[in-house]
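Next come two complexes, and both contain chain A; in the first it sits with chain B, in the second with chain C.
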Partner chain A sequence: MTAVAEAASTQAKPRERWTDNKWVQRAIVWGALLALYELLAIILGDFYLASLEDIVSGFGQIVEEGRIPTVLTSLEHLLVGFALAAAVGIPIGVAMGRSFVVDQVIGMYVRGLFVTSLAALLPLLIILFGVGFRFQVAVVFLFSVFFVIVNTAAGARAVPRQLMRTAEAFCVSPTRRFTAVVLPSSLPYIVIGLRLAVANAYTGMVLAELWVGVGTGGILKNMGQNRDLPKFFAMVLLITALAAFSSYLIRVLEKRLMPWAKEVRAA
Partner chain B sequence: MFLELDSVGRTFVLERRKHTEELCVLEGISFGVAEGSFVAICGPSGCGKSTLLRLIHGLQQPDAGEIRVRGERVTAPSLDRGMVFQHHNLMPWRTVIRNVELGLEAQKLSKAEARSRAERWLDKVGLSDFASYYPAQLSGGMQQRVGLARALAIDPAILLMDEPFGALDAQTRVLLQEELERIWEANAKTVVFITHDIEEALFLADRVIVMSARPGRIIADIAVDAARPRREQWRAAPEFAQLKGEIWKLLRSGQQEALLEEVSP
Partner chain C sequence: MTMSAQRRNALLLRIASLVAFLALWQWYGSDPIHFATPPPTEVFPALWEGITEGEILGATAGTLATLSVGLVISIVFGLILGFAVALFPWARNTLDPLIDAAYAMPVTMLIPVIGVYTGLDFRGRVFIVITYVLLVIVITTSTGVRDVPRDLLETGRAFGLKGRELWRAVILPSAMAHIASGISTGVARGIRGAITAELLLIAADLGAYILDAQARLLTDQLLAGILWTLLLGYVLYAAALWLERRLVRWRTLGDLA
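So, the complex of A and B:
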């Protein structure tokens, strides 16, 4: 590397104070929230809220009772449904964004279903798929696919015309232009779509299970009916953590797939 | 003639809500370019210079007249013509070297061959140390140089350049002009170079074609017979100043004519 390149990579960073560390900041905020919650739990009593210690022991009970494999089965439905949503949603979204005809033909249905309350369709889905694996996957799929389609379409529509024209000028074939320009240009939108979709996939997963009283949702239903609050809260927290972790995984993927965005930000 | 334009015209149709509007951008453009010569086209902003270059490249089609290269009508882009855009138009998700390789992907080259060719051109524009950078990490002048390397890498017979140095500061521009002169001398390409900078046109070109304001027409075709290599001495020559004054007057009268026409149709 030359002196110029080196100078660019070894920029002097301003000195950090310990309060600037994001983990310190998070610890302070979370600590305060937890303390507030504990206070509220003491005031309201354990009929309404479970205290923190109870939730922790509730978690232990969940593990002992062998609930974790059930959660894993639910996650399997989620994964299959979400993967299907991505596999179907991204191509449809790209087609909608790039083709006026496709947008006219299927855009209406996509936008219509996007604003429909999908929960209202659950009885129909039970008629179609029963209450087993296929039903669970279908609900997860429907809860997530529209976010993928709508965002991917927005990204494909926003591909700079200049860059398409540049690719054309350098004789990049129309099919190659898809992979060389349309996809990388839409990628930030696709990732946003996937992140919204995964959050909704969890909603769909739990909702579907609540409806037919199986899996993780079924466990939650029982715990709620039995007023088993510590276990109930522990379970809800577990699902929330899993959803947050999934979203985080997609962000990691985003950084992997879009090194140009990361390096530019860091520079 | 190597490159021929035969009464080329282009009109854009603009769809308004209730009616359509026609905007005549180019009218009766005819000129020929000999192989290996360097032609600059000068004209006021909005007179259709970029449009003309896109027509020559084949990215757009004229709706009057014809453009021929080696006697063959231009109907689509080809790797025989390399374009350097007014805005660099680099792919943000490709590293510098991958951007230079863009046009090489359509050619039947092995990966290693394409890479070494791209490296060679990157070196010629002085950016070999930045091969793995992303465009957003470069300065404006460096981005333009990548655009130049990208067009040169496909080894086109005709190099089409659209105000490639327009957005740069004076010093960088002069440096790049000299670099371009050197590259052109070494490679004997036919160049059509758009600029609204008269000095730039005079410094680089064998011929300066002056266009009027919209609708763009050719109002003068001036030969620049200075010995090469020109370097800095040419800029200081009295003939340089004289030609500059002449073109300046032409541009002004062309613009005034267009203004008068708009007032009294």
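So, the complex of A and C:
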């Protein structure tokens, strides 16, 4: 029980009841929500909401209609853009975190683009790159790279001063200092940056595809316009699961590759 | 290096960087091959023209209206939900996983269908802003209320505070820090939602200004619109951060001193 819940609860502690089990509670509330949704879907009709069994069969229809290869192509764009963002973002982030001059010279652009509305850049990107592969990759890249840079920079800044001093005192060469001290202690931040970046990369991917009506976004646009809601919702659930899974995958890799890493907060 | 010398160096470096950026842009944009990116000497007059003729300011007012209505609704419902999740075990056990799942969803995907429920105009744009902002407020509020530092809580108890007094003097001020930073993040996400809606749902306000320039291939006006929109997002977030720092400092000093 958390400190606050403790403070808020009354002094006398009631005995454990079977409704205190969280899975019992989940079964009740989630069941009620699903039933409510189903009821709404029946009342409103299939123009407004797709019933649950239709959504389930929607998954089958997506596969039968051969939509999966399209989704895979979208994921390929996502992967290329994301890999580019990591390859470019990590070195820039380290440079920003370790060097005062670099931080001052490019930090303001990075932080500015990190918080602002990148969607506004899409019309320019279309003129520059057309509507094909390069455009899709560029949008995914833009939507993910700043998360990588900002968090990597925070990690490189957070290298314990004592550790650096010790390394200097033992005459460890700058290159070795970098690989043995700076990188290991920034890695947890880099990983959290990558996780946020991949989540945002999905937003970028969908946005770019909706814009030009190709790939997964194009399918969603068509299904939405035809009010093919069972398939639409099935597709949305599929992409959401993929996005959650990608972020989970990075987390698992982190646990496997560096079990010593501590939990850090995103910048 | 003294503090002021470092500050002066930082300022000089930033100015030099900005000048270099503009010079580079001027050099790149002046080349007729790069017709899509006209130089600053064409973009800034276009921006000035857009502002003085009222087109940009009118569009900005529309965007800000969408943003503020969406923000207010998100904050009201986000606080209610956040407090519910933090205080009632039932709400926490059942809603937390749903919130996490919803947070993983790229909400932009919903744009093709939401017009039917909300209309494509103002209400639809406000709805998209809410989908971008609401969950952040819920999450920061519930963590803020839940994660009151234990020593603060103990100190409050040691001074004989309990129930409502403990809430007023310790829990709420401590949660305020989280909530305020959630609202700042909400402003940044909200403007992204508003601009995305104006560009993709149906052309409106600043989105319409940009799309119109693109359609007519007025690249100077296009870049002016994009630059203005990027700056707007940045300025709004910076203002929210500034407000957050003032607000939170006042709360903690006022109530703990």
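Note that in this section the second predicted complex is superposed on the first by the 215 of 267 C-alpha atoms of A that agree within 3 Å, B and C clash if a C-alpha of one lies under 4 Å from a C-alpha of the other, contacts with A are read in each partner's own complex, and residues count from 1 in each chain.
The working rule: a residue touches a chain if its C-beta (ideal position, glycine included) is under 8 Å from a C-beta of that chain, and two chains touch if they have at least 3 such contacts.
Keep in mind it's a predicted model, so treat the numbers as computed, not measured.
Which of the two partners, first being chain B and second being chain C, lies in contact with A:Val115: first, second, both, or neither?
Only chain C; A:Val115 stays clear of chain B.
Taking the superposition as given, does A:Val94 touch the first partner, chain B, the second, chain C, both, or neither?
neither
Report the partner of chain A that touches more of its residues: chain B or chain C.
C
Answer with first, second, both or neither: which of chain B and chain C does A:Ile62 touch in the superposed model?
Neither partner.
Could you say whether A:Val150 touches chain B, chain C, both of them, or neither, answering first, second, both or neither?
In the superposition, A:Val150 contacts neither chain B nor chain C.
After lining up the shared chain so the two structures overlap, which partner does A:Ser173 touch, if you call chain B first and chain C second: first, second, both or neither?
A:Ser173 contacts chain B only, not chain C.
Touching A:Val140 in the superposition: chain B (first), chain C (second), both, neither?
neither
Report for A:Leu194: first if it touches chain B alone, second if chain C alone, otherwise both or neither.
Neither partner.
Under the stated touch criterion, which partner chain does A:Ala234 make contact with: chain B (first), chain C (second), both, or neither?
After superposing on A, A:Ala234 lies clear of both chain B and chain C.
Let me check the overlay on chain A: which residues of chain A are in contact with chain B and also with chain C?
2, 4-5, 8
Under the definition above, what is the set of chain B residues touching chain A in their complex?
Answer in residue numbers: 57, 59, 77-79, 83, 85, 87, 89, 91-94, 102-103, 105-106, 129-130, 134, 136-137, 150, 154.
Contact residues on chain C for chain A in the complex?
6, 9-10, 13-14, 16-17, 21, 36-37, 86-87, 89-90, 93-95, 97-98, 101, 104-113, 116-117, 145-148, 150, 153, 162, 166, 171, 188, 191-192, 194-196, 199-200, 206-207, 210-211, 213-214, 219, 222-223, 225-226, 229-234, 237
Touching chain B in the complex: which residues of chain A?
1-2, 4-5, 8, 162-163, 165-173, 176, 180-181, 184-185, 187, 258-260, 263-264, 267
In their complex, what parts of chain A are in touch with chain C?
It comes out as residues 2-5, 7-8, 20, 22, 25-26, 28-30, 47-48, 100-101, 104-106, 108-109, 112-113, 115-124, 126-128, 199, 202-203, 205-207, 210-211, 217, 220-221, 223-225, 227, 229, 232, 236, 239-240, 243-244, 247.
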